[in-house]
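Note that the chains take the letters A, B, C and D in the order they are written out, and that residue 1 is the start of every chain.
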Amino acid sequence: MAEAFPKIKTIRYEGADSRNPLSFKHYNPDELVEGKSMRDHLRFASCFWHTMRGRGGEIFGMPTAVRPWDDFQESVETSIRRIDVFFELLEKLQIDYYCFHDRDVAPEGRTLNESNKILDRITKVLAKAQKNSGKKLLWGTACLFQHPRFMHGAATSPNLDAFVYAAAQVKKALEVTHELGGEGYVFWGGREGYFTLLNTDMKRELDHLGAFMHMAVDYKKKIGFKGPFYIEPKPKEPTKHQYDSDAATCLNFLRQYDLLDHFKLNIETNHAQIAQHTMQHDLETAIASNALGSIDANMGDWQLGWDTDQFPTDLYITAHVMLCVLKMGGFKTGGLNFDAKVRRESFEPDDLFHAHIAGMDTFARGLKIAARIRQDGRIADFLRQRYASWESDLGKKIEQGKSSFEELEPIALKMGEVKTNRSGRQEYLESLFNEFI
Amino acid sequence: MAEAFPKIKTIRYEGADSRNPLSFKHYNPDELVEGKSMRDHLRFASCFWHTMRGRGGEIFGMPTAVRPWDDFQESVETSIRRIDVFFELLEKLQIDYYCFHDRDVAPEGRTLNESNKILDRITKVLAKAQKNSGKKLLWGTACLFQHPRFMHGAATSPNLDAFVYAAAQVKKALEVTHELGGEGYVFWGGREGYFTLLNTDMKRELDHLGAFMHMAVDYKKKIGFKGPFYIEPKPKEPTKHQYDSDAATCLNFLRQYDLLDHFKLNIETNHAQIAQHTMQHDLETAIASNALGSIDANMGDWQLGWDTDQFPTDLYITAHVMLCVLKMGGFKTGGLNFDAKVRRESFEPDDLFHAHIAGMDTFARGLKIAARIRQDGRIADFLRQRYASWESDLGKKIEQGKSSFEELEPIALKMGEVKTNRSGRQEYLESLFNEFI
Amino acid sequence: MAEAFPKIKTIRYEGADSRNPLSFKHYNPDELVEGKSMRDHLRFASCFWHTMRGRGGEIFGMPTAVRPWDDFQESVETSIRRIDVFFELLEKLQIDYYCFHDRDVAPEGRTLNESNKILDRITKVLAKAQKNSGKKLLWGTACLFQHPRFMHGAATSPNLDAFVYAAAQVKKALEVTHELGGEGYVFWGGREGYFTLLNTDMKRELDHLGAFMHMAVDYKKKIGFKGPFYIEPKPKEPTKHQYDSDAATCLNFLRQYDLLDHFKLNIETNHAQIAQHTMQHDLETAIASNALGSIDANMGDWQLGWDTDQFPTDLYITAHVMLCVLKMGGFKTGGLNFDAKVRRESFEPDDLFHAHIAGMDTFARGLKIAARIRQDGRIADFLRQRYASWESDLGKKIEQGKSSFEELEPIALKMGEVKTNRSGRQEYLESLFNEFI
Amino acid sequence: MAEAFPKIKTIRYEGADSRNPLSFKHYNPDELVEGKSMRDHLRFASCFWHTMRGRGGEIFGMPTAVRPWDDFQESVETSIRRIDVFFELLEKLQIDYYCFHDRDVAPEGRTLNESNKILDRITKVLAKAQKNSGKKLLWGTACLFQHPRFMHGAATSPNLDAFVYAAAQVKKALEVTHELGGEGYVFWGGREGYFTLLNTDMKRELDHLGAFMHMAVDYKKKIGFKGPFYIEPKPKEPTKHQYDSDAATCLNFLRQYDLLDHFKLNIETNHAQIAQHTMQHDLETAIASNALGSIDANMGDWQLGWDTDQFPTDLYITAHVMLCVLKMGGFKTGGLNFDAKVRRESFEPDDLFHAHIAGMDTFARGLKIAARIRQDGRIADFLRQRYASWESDLGKKIEQGKSSFEELEPIALKMGEVKTNRSGRQEYLESLFNEFI
C-alpha cells in the first residue's frame, strides 16, 4: 500500500546541532543512560485516538485536520487503512508501543454483537501489523464515555442496562487486549462521576464501581491475562466531579473496595495539573503505595481549566517525571504514552511528526537531566542531610512504631525549645536544578 | 467583672419580620424541626482563635480590630480576661459550644515546661467558665503551625526534634481536652506538607505522620479519652501541598496506616472549595466511609485562591450541608463550628455579633429548607426512580457481588443497545430546589 | 404544520404554590414591578444556537439530544422546520425575543455566494415567523469561529483571506439583522485571540481588529442600521487568550481604537466568572463607562474552568444582575438572552421547557428581590452614609478636580491620624441581603 | 561598622562549571550581549521591603527569619543599621539599583508630621549611602496599604480623611524620590479595590482615583520630577477585586481619565499569573500601548492562588521576559526589580544571597537565550511568513484604514472559500524554543 507520508523518512538522531526539523536532537534510542538504552527507559507509545482519530474539532469549532488517507467514515476499510498509516508513523518515529480504545480502532455496529464481530476482524489486522513491525501494545482499553448510552455513567450509571452493557464491552476489550499481548489494561472513567448531587447517590454508584472492578479482576484471572490493571485519575471534565479525582482518591477507592492488589495507576500530567497537583506529586503519591504503573505523557496549560492534552515540551516537567521513573527503578509493564493531540491549528499531516518529535526530544532531555542530577549527587546529599536526625536511635525507634508520647514528652521537656532547624534552601535548590538543564 | 458588650443584650429570636439587626430572624433554639430542637440539630460552636485572637492582620496589612478589653499581650491576665469576654459572647449569642487551640487560650512560656504550666492554669479558668455557663467544649486541638519551630512541619518535620516537641504538645493538649470534657479532638496539619519536592521525602514524612497518629491513639486509650479524633482536610495554604488535601486523601491515609477505626473527619467548607470540591461532595465522601465527624462552618469566596474563612451567609451552602447532616442522622459528637473570622474591615466589636448572627440565621434557614425538602419528598422520589432498575433481581445480585462478566455479557448481547436512559433533569431539580428557599 | 410539543400548552403563571412543573411560579409577564411589567424589565430572549442546534455533544461525548423534528442535516428544509419549532417554543414559553448566528439558522453553501443566497431564503422565513408571532430579534451575529477557515482568527487572522471572508460575512449578517429589525448586533470573537505568542504578533492583530470594527461602523451607518454594536467579553476558550478578555479589556480596546461611541458590551455571566470576576463586577465596569448594552443570562460552575453555559438558577446571581439593571434604568435595546444550554444528560425535548422555566422564574424572583431591596432602602442608606464625608465642601472640590496635594497636605498634617473609619459591615449586609430572598 | 555578612565576599562570575554556590554561573555584568553589557540590559534592583523587612511571617505562621543585625524595632537607629546592611548586600551582589516604600525605610511617627521628619532623616542616610556606593534608586513609592487607616482604601477610600492623608503621604514620597534621584515612581493600589459591592460605589471610587492621579501629575510637574509614573497591576489580594487588575484594565483606566501620557506600567510576573495571563501577555499588552515601564521580576506558583513572590528560577519565564525587553529596545528608566522574598523556610541570612544569585543567574541565562533566538532568526522568520499576506496592496490598504466591507465583499465572493491557511506549528515552535535553552 502507498505510504501516507512518502516525503518523510525514518526520523533519526542527528544531535543537538542539527537544523533538520525532522530529526531527533536528543532522542538516541540505543544510547545508554545509567546502563540502559533510552528506548528501554522511555518506552514511548503513541495513542491511536489522538493520533489517528483526532480531527481538531472542539466545542466551538469544526474539525480542521487534513488527513489525506482518511475518508472519516466509520467503515472497516477505513479502519484498516488507518492502522496501516499508524504503523507507518510508529516505524518512522521509532516508537515501539501503542495504545487504543476498542472504539478507536474499530467502528461500532448496530448491535453489541455486531460491534464485537467487527472488533474481531480489526484485532486480526492489528495482530498482523504488530507481527510485521515488532511494535507492541502498551495497553488497551474500552471507550465507555463517548456513546449516549453512557451519558449517566457506565459502571456508575443509575441505569442497570448501561452497567450491563459496559460489563460486556470491557469483557470483550480485555479479551482483545490479551490476544494482542497487551502489557496492561487501563480504566479511565470519563463518565464515572456526576454533575449534580441533586440526582446522584454517590455511595451507591461507588459500590457499583467496586463490584464492576471485582468482576473485571475475576475475569482477568479466568482468561489468564497477567498484565496489571491501571486506573487513570482525573478530577473533572467531562463531569463536574470524577470519582477517580487524583492518585490519592483512586488509592482510597482501591483500598476501600479491597482492590489494591490488582491495580496500579496510570498518571497523566494534564490530569494531575487539573487536580491542582504537580505531576511529580501524583507520581510520588502512587510510588508511595507501590502503585505507579504507567504514565500518560502530555502536559496541560497551567492557566486553562480543561484538558488540553498538549505534547510535552517543558523540560522541567519531563526532568521531574524521569527523576521519579528512575527513582522507582524504571517501568515494568508501563511506559510513556503520548496521550497528546496536535493543536487544532497544527492541522497538517506533518504536524503529527513535529509534535511527536517535540515530545520525544523533550523527554530524552528530561531523562538525561535526571541522570545527571543523580550522577552529581548534590541534591540527594542535601536530602540525606536534611533527614539525618531520623537516623538516630530514637528516630529509628519511632519509625519502627515502638515509641510513645510518654517516652517523647520528657525528651521534649528537657529540650525546652527546638534549636536545630536548618534552612530548606529552596531557592538554592531550584538554581542548582537549573544547572542540569 | 464589667461586661465587654454592655449595650448588647442576649440575642433573641424575633422572627423574619424583625428589623432589629441584633436579633435572630430564623434561629429559634428550641423550635422543633423533624422532632428535634434547632439547638440540638445545629450544635453551634464559636472558635476561640478567630473570635478572640483574630485581629484583622494579613500579609499586606496590620491588625485593625478594635477590642477594648484586650491589650494584645501574651500574658496570663489578658488570657483570663479574654475567656471572660468569650463566655459573655457565647451566652449572649446562645452558642452552646466552643473550640480552641492550646496556644490561643494560653500564652507560650519560655520553655515547653513553662507553657504546660500556664496551660494548666488557664484550663482551670476554662473549666470554671464552663461550669458557670453550661457551655461545652466541642473539641480541642494543638497549634502545630504558627511557631518557627514547626516551619518544616511538626509530625512530618525532617527534624526529629520538632517531631518530639510536637508529640509532647499534643499529649498535653489531649490531656487538657479530656479534662475539659471535650467531645472530640482535631488534627489540622497546617505544616504537614511541603513547598518543593526538591527538599522533601514525601513517603518518609507520611510514615512519620502515621507513627505519630498511632502514638496519639495509644495515648488516648491510655487516658480514657472517649471522644473521636478528627482530621481536618485542606489542600494547600500555608504549604503548597498539604498531605491532608481533601476527604478522600485523608481517608486513603487513614486506611494506608490502619487508623480508620480511630478517626473521623472535620470537614470545612472553605477547605473543600479550595480543593475544588463542593462542600456536599466532601461531606458525602466522608459519609460514604462512615467518617463524617464534625463541620467547620464557614465559606470561602469561589474566586479567591486562599482561605478567607468567611461567615457562612450563602443559603445554598447551608441548605446542602444540613441535607447531609440530616441524612446521616445528625451529629453525634460533632457540631457546626464557625471557623470564621470577621472581615478586616469589620473591625468593630459589634461585628462579632453581626457575623455570628448572620451565620446562625443562615444555618437555621438552611436547616428549615433541608427539612422542607425532605418533607416534600419530590427530590427523594426522583432519586429513587432514577435508580429503580437496581432494585431488580439482577441489580441486587450485582450489588451483592455475586455476578460476573460472563453472566452479564449474554444479557447485553440480547439487549443490543441501551434504550432505557431517562433525562437527568438537572435544570428542573435546581428550580425545584429553589422552591424551598 | 404539526406541533413539535403537542402535549405542552402555553406555560402560564400559577404562583409559588403550584406543583405543576410546566408552569411559572414567579414569572408573571404583566405583573408590575416598579411600575413596569416584568416582561418589559426582563426582555427575555432564547438563542437559536443552543436551543435549536445544541445536541449535547462535547469533547468526550457524542450528541445525546432527542429532537424528533430534526434530521440533523444541513438542509434548507430542516432549517425551516427548526424555525417553526423555535417559534412554537418561544410562544409557549412567552419569550418575546430571540438571537441567532447566521450559520445557526441557515446552512452553509459550497461558496460564500451560495451561503448568502440560502441565508436570504431563511431570512424571509424568519421575517414571516416574526410577523405571525410578534416575536422580535434582540440581536443577530455572524459565526466567525466554527469553520476551519477561521482556525487562526477572523478579523485577527494572520491570513488576509480569512479577514476578507469575515468582512463579507459580517456585512451580510448586518444586512440580515437590519432587515429583520434586530435591535442590536453582537461581536463575539471566539477565535480573536491566540494560543501561543511564539507564532503571534498581538499588536498587529489588534490593529486589524480595530480596522475591521471601523469598517463595520462605516457600513452600519451606510445601511442605516440604528441599533448598537455589542462586544461580548470572554477571557479564554476556545483560545488561550481572547483579546476581548473582560469588560475593562474591551473598553480599553474601544478607547484605544476610538470606537467607544459605537459600541456597548454584551456581558455574559459565565464569561465574567471565567475572567475571575463576579457578574456584578463586570456589569458595574460597563455601567461606569455607560457601556452596558445587553446581557447573556446564564451561569457557570464556579469550580469548572470552562464555559458550561448553564441556565441561571442561582438567586444570588439573578438578584445582583437585576439590581444593576434597575440601577441603570433598565434595558434600552438589550435584554436577557439565555445563552444557555440544557445539560447533555437533560436530553429530552421537555428539558428545553424545564430549563427555560427555571431560568425565567429565577430571574423573575431576582427582579422582585432587587425591587424589594430598593424599596426597603437600608442597603442604599448604608452606602450613602459610608460616602457621606465626600459631600463636604472639600470632598466636592476634589471630585471636581479643583484640589491639589499642596492644599491637602496641611489638612492631613493637622489631622495627624485618620480617626474616622467605620466598619464596612460586610457580614451584616450579606445577612440583610438574605432577608430579601 | 562591622559587616553583616563577613564570610561572604563579593559574588563573582565563575562560569557554568563552578561548583561554588556563592558565585554567578551566568551573570557576568560586563559581558556584552547584542553589544550592550548584561548590567545595562538587566538593570537589577533589590527591594528594601522583602530583602530587609521580610521576616517570613504569614497568616498561619510567625516570623522565622534570622537577621542578627536587626532588633525588629521601629526605631531610627535600627532603620539606619538596615540601610548599611542593605547596601553591603547590594555591593556584594553587584546589584546597581534598589526600590523602597516610605514606611520600609523609615518608621512611622505618632503623627504624619513626625513621620515626615523621620523620613527626612532617613533620606539623608540613603543619599549618603547612594553616594558612597554608586547605587541608584530605580523607583520609590508610598505604602498606602498596611496601616489600618487605609483599611477601606487610600485614594479610593469612602472616607475623605483617608484620601487626604494618602495625598499628603504621596506628596512626601514623591519629594523624597525626587531628592534621591529616583528614576521613576510606582503606584501599587493594594487597598484600591473592594471586598463586596454591597458596600461599595465603584464608579465613585474610580473617579476619586482619577482625581488623585491628576493631583500627583500636577505635583510631579511642579517639583520638576522627570521620571515616569508607573501603575503596577494586580487583580486581587489583599482585596477581592483590585481596580488595577491587569495591564489592559490599567490602560483602560488611564485612557478613561486622560492620564495615559503620564503613566507607564510596572508589570509583575506573579501578578500577571494571578490575573490568568502569562507574563509575556501582559508585557506585550503594555508594549502595544507603548506603556511598558519597568518589571517586578519574580514568579508565582502556577497552582497557588495567592502572591508567593518567589525569586524567578524558571528559564522559560526569564527568556520570554527578556525577549519582550529586547524587542522594545531595552529599559529606559525601568529595570528588573526583584519583588521577591525568600521562602519562610529559607530563614538564614545566607539565603538572601542564594536567592538573589538564583534570580540573577536565571535572568542572565534568559537574556542569553533571548539573544540567541534573535540571532538565529528562525522564529522571527516563521512569524514574518505567517503574516506575509498582509504585505500585499490590499493588506496595506486595510491596515491604513482605507478599505471597506463593500470593497472586500466581491473579493470574498470571488474567493468562495479560504484555501490559504497554513499550520500554526505550535509544537514545532515550542521544540525549537527548547533548542536555545
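Points worth noting:
Please note the rule applied: a residue touches a chain if its C-beta (ideal position, glycine included) is under 8 Å from a C-beta of that chain, and two chains touch if they have at least 3 such contacts.
Everything numeric here is computed off the predicted structure, so don't read it as measured data.
Common neighbours of subunit A and subunit B under the contact rule above are C, D.
A rotation of 180 degrees, rounded to the nearest 5, superposes the Cα atoms of subunit A on subunit C.
Centre-to-centre separation of subunit B and subunit C, using mean CA positions: 39 Å. The set of subunit D residues touching two or more other chains comprises 148, 151-152, 195, 236, 276-278, 303, 343, 345, 347, 421-422, 424-426, 430, 433.
By the touch criterion stated above, subunit B contacts subunit D in their complex at residues 56, 58-64, 145-148, 151-152, 190-191, 195, 236-238, 240, 274, 301, 303-307, 343-345, 347. Contact residues of subunit B toward subunit C in the complex are 16, 21, 25, 273, 276-278, 302-303, 310-311, 313-316, 342-343, 345-348, 350-351, 354-355, 357-359, 361-362, 365, 421-428, 430-435, 437. On the side of subunit D, the complex with subunit C involves touching residues 110-113, 116, 148-149, 151-152, 158-165, 167-172, 195-204, 206-208, 211, 214-216, 218-219, 222, 235-236, 241, 245-246, 248-249, 251-253, 255-256, 275-278, 280-281, 284-285, 287-289, 320, 379, 382-383, 386-387, 389-390, 392, 394-395, 398-399, 401, 403-406, 408-409, 411-413, 415-422, 424-426, 429-430, 433.
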